[in-house]
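Every chain is named by a letter (A, B and C) in the order it is written, and numbering of its residues begins at 1.
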Amino acid sequence: MDFVSNTGEQAKEMLQAIGVENINSLLTAIPEAIQLDPPVKDDGLSEYEGMRHMEALAAKNTFPSFDHYLGAGAYDHHTPAYLSAICQKSEFLTAYTPYQAEASQGMLQTIFEFQSAVCALTGMDVSNASVYDAANACAEAVLMAKRQQKKRRKVLIGASLHPHYRGVVDQYLESQDVDLVTVPFRSDGTLDIDFLEEAVDEDTVCVLLQYPNFFGVIDQMEEVSARVKKHEALFILCANPLVYGLYQSAGELGADIAVGDMQPFGLPLQFGGPYVGYIACRQGLVRQMPGRIVGETFDTEGRRGFVLTLQAREQHIRREKATSNICSNQALAALATLLGVLWYGPEGVKKLALTNYQRSAYLKEKLTAIPGISAYSNAPHLNEFVIRTEGPLDALIERCEKEKIVPGLPLERYFPNMKNHLLVCATEKKSKEQLDRLIEVAGRG
Amino acid sequence: MVKTLFEKSQKGQKAYSLPKEDEAFTSFQPPQEYLRETPIPLPEVSEIDLTRHYSGLAQRNMGIDTHFYPLGSCTMKLNPRVNEWAAALPGFTRTHPLAPDEMVQGNLQLIDETLAFLCDLCGMEAGSLNQNAGAQGEFVGIRMIAAYHREKGESHRNELLIPDSAHGTNPATAVMAGFKTVSIPTDENGDIDLEKLKAACSENTAGLMLTNPNTVGLFSPVIMQIAQIVHEAGGLLYYDGANLNPMMGIVRPGDMGFDVMHINLHKTFSTPHGGGGPGSGPVLCKKRLEPYLPVPRVREEQDGYGIEWSNGTSIGEISSFHGNFAIYLRAYLYMKLHGVYGLRRIAEMAVLNANYLKARLGHLFTIPYSQPCMHEFVVQADNYLDKGVKALDIAKRLLDYGIHAPTIYFPLIVKECMLIEPTESESLATLDHFVEVMEKIVEEIHSDPELVKSAPHSMPATRLDEVKAAKEPILKASSEQCACC
Amino acid sequence: MKYTESHEWIDLEDNIGTVGVTDYAQKELGDIVYVELPEVGTEVNAGDEVAVLESTKAAADIYAPVGGTIVEVNKALNDKPEEINQSPMEDGWLFKIEIQKMEELDQLMNESEYLETVQ
């Protein structure tokens, strides 16, 4: 099938108006040697067949039938039902980028409100309209810091930053005039603050750390912040935004740039994307911000309205000198996370964060009480933590999978010396029954 | 006056619900000294008020479902709802990106088949779906070219040739990837001048970034020579796939001589624009660039599919996980429904619709290029400057007639430019209506130019003060009314 | 007063040149909303990018017409960038430069030569 409206009837009329015999006369600029013959057989499907095909493909995924405890940047939270009702509205789903402001006041206002919500959560002054994901946000933030601190070269990055985020930062920074220095973590997953103290100096552009970090550990960020600021380096904090419902905000911690992913606020796992990267900063850095920003203004009748602003930074105007090559943002996905945040509201975000904390704390206590399983760290956490098995981790995983449980993410692939370490995440979706079941199965070893 | 949701806060109101607390949990309390001390200035709003607010905003917005969007270079075709249905299947939405390979075979098969289909369609041999947008696709493609030259000991190749008519992302990407840009002037046909291209090639040439058809909608008849010149100079060719719509099933970028390319799924493959995103930018390449493709990669193995998280030659990661999976899932279904047969029909009709409009608008505007266009064409609206009416004004007046403006002032090489792309979706009646509306607007330019110059009049807003927005930026809602708790 | 191809003017008093952009430039740019000025004390060569003028639809790089040291910048533009539109040749001046090589001025155009280029 296809969605082409015009058929032979209309085609005839149009060819006549153009003054040609057939469509091939319009394709003469294409060298004949590389022109393909039109396909003879229709290899498409009817809508019904297409739908059955997708159902069959989805059925090949057995993961949804497991009770899983995976996190690591992709979190399994409840998606409020009204999200899809709003996001599937024609005028949001099928709208173009709001360059023609008069025709896009709806979308522009949602972006403005998204920016406001990100500022509310992070405690920062300004946010943009979103970037692709957390990894991209980290990379863009470091580039931003470098633009602001042109003469400096040293970029400090925590070794406890999500390895995939670090991979993307490396990708974007490779051709820049910077020196990437990794700040190690201690044996309990907390940041080596002494190393940081030594390393931060007059040549430091910025320090990028994750909160909670990849191991779910909450570092002593006030200590970190003080050391970073001593030499006027920029403090970039990468955080699961849910952390701000419980723990100190980026603003309170003196961060200069706050980045992360809004996915926890209502986007399903959907195999890793689309998610929603956020970047927020303090007022003084706004002109270095990449991507779209929406601002408030008035129209000729004096009515309040919204427009894309500070566009001179962007690729379509600045070209080579743009702050970034970013063109599209995550618009519709950002709208979904905005709706998620607002559904919870100030009270709900706090309760959501607390219940995530409590359920995972319960699980952590009970799991580490099992002989042969210990806690990797006693530092505070949000909803993720790492456990260690004395015996081979595989045995635990196998036992769990037989009971249709995926108990967590083995860390060996990321840190080869963490052979029997498992990153476990428990959100508000886990009932006591589910948690107790995992504890029971884990205890059978 | 329009209120933001932050101004609709009413104390104590809420929408959320959470599972009831269990005694077993409540004894766990986080350490006091790390707790947040400042309020979270979010509004307190019930679900009905949230729903009304956002439904109201939707009514203050245009979309393809409701309006014709002849936006050149954007390919605003129908966003089929069957794609939305597929993307919402729990079998897909509930899959975690780090799940064990054997538990997500459906997803891995989808990725593998999508790449195979696209490679076949485009004359390429391998690819990656990890890029979250066309701009990221460009960045990855250019980084792969850099890796290729580095492996061959030719890192001195640090110049990328880019036509002056190129989309802004091209030079921005080149610089981001560490290259210098060399601008190639285009001739009066918007085509690359071969002599100037030869002169610009040197031992420092890493490659050429090009879209074909070009940004004025014309297919370059000398594309094979362009490819030869650059290859002979030791450079590689990058294809910006933004204009792929009229090419599908007719000619393949790989056969034109391109080495690596990206596709914009939110253009050619109908994934929804969503008010600016999310997009998706698959990268496809020839065998010699395959080693450099980003990770993770999906590999077909004896007993199914597996994910390769790292390898020795890849340029590394480009996104947090596997890219915008739920977006390329939509494109996958679109490909399956059409087959190459249907995609060819799309390409032919995109070309036919565009040439028809071009023929019908010739009496209203200057058409700088008389030869057949591909899926889009430019008109110059400079013949109304004597009345003080510019392309911008005509674009705004179109909104009053329920048609979204075409792309204006791009590409930069044509004066008072309007770039028009009807896409294959639109029926003849819609196209004829567009011509009628343009005729009416031209009549108005003669009889009442002020009406056009001050348009739009029937939108939720009249022209907005962009200078004020840039000089005195207000970038977030005031949260005075929000409860501080 | 001398002019460059990139629409800067330079007005001399001994070896100090005041630099701004021409009326043509400010018209092309439209309403200027932000100015990025160089730091006092910066040493520049002729043709170096020293400032950026931002409007809602464009961002223009401003180049040093001659080599030298930046000795003063027009701080008033931080609050009132629109001065450049209103008075490009006088109150909208951008910066003052202590000229290193006076001969470099010979490379520039005089008023009638410049006006010809923007005809």
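Throughout what follows, a residue touches a chain if its C-beta (ideal position, glycine included) is under 8 Å from a C-beta of that chain, and two chains touch if they have at least 3 such contacts.
As the structure is a prediction and not an experimental result, all values here were calculated from the model.
Asks: Sort the chain pairs by how many C-beta pairs are in contact and tell me the top one.
Replies: Here the largest contact count links A-B.
Asks: Look at all chain centres (mean of CA atoms) and spot the one farthest from the centre of subunit B.
Replies: Farthest chain from subunit B, going by C-alpha centroids: C.
Asks: Give, as an integer number of Å, the spacing between the C-alpha centres of subunit C and subunit A.
Replies: Averaging C-alpha atoms per chain gives centres 43 Å apart.
Asks: Between subunit A and subunit B, tell me the centre distance in angstrom, where each centre is the average of that chain's C-alpha atoms.
Replies: So the centre of subunit A lies 19 Å away from the centre of subunit B.
Asks: Could you state the distance in Å from the CA-based centre of subunit B to that of subunit C?
Replies: 37
Asks: For subunit C, what residues touch not just one other chain but two or more?
Replies: 33-34, 54-56
Asks: What are the residue numbers in subunit A that touch two or more other chains?
Replies: Within subunit A, residues 309, 311-312, 317-318, 321 contact more than one other chain.
Asks: Can you list the subunit B residues in contact with two or more other chains?
Replies: 466, 469-470
Asks: Mind listing the subunit B positions that touch subunit C in their complex?
Replies: Interface residues on subunit B, with respect to subunit C: 466-467, 469-471.
Asks: Flag every residue of subunit C that touches subunit A in the complex, lowest number first.
Replies: Contact set of subunit C toward subunit A: 33-34, 54-59, 61.
Asks: Spell out the part of subunit A that touches subunit C in their complex, as residue ranges.
Replies: Touch residues, subunit A against subunit C: 287, 309, 311-313, 317-318, 321.
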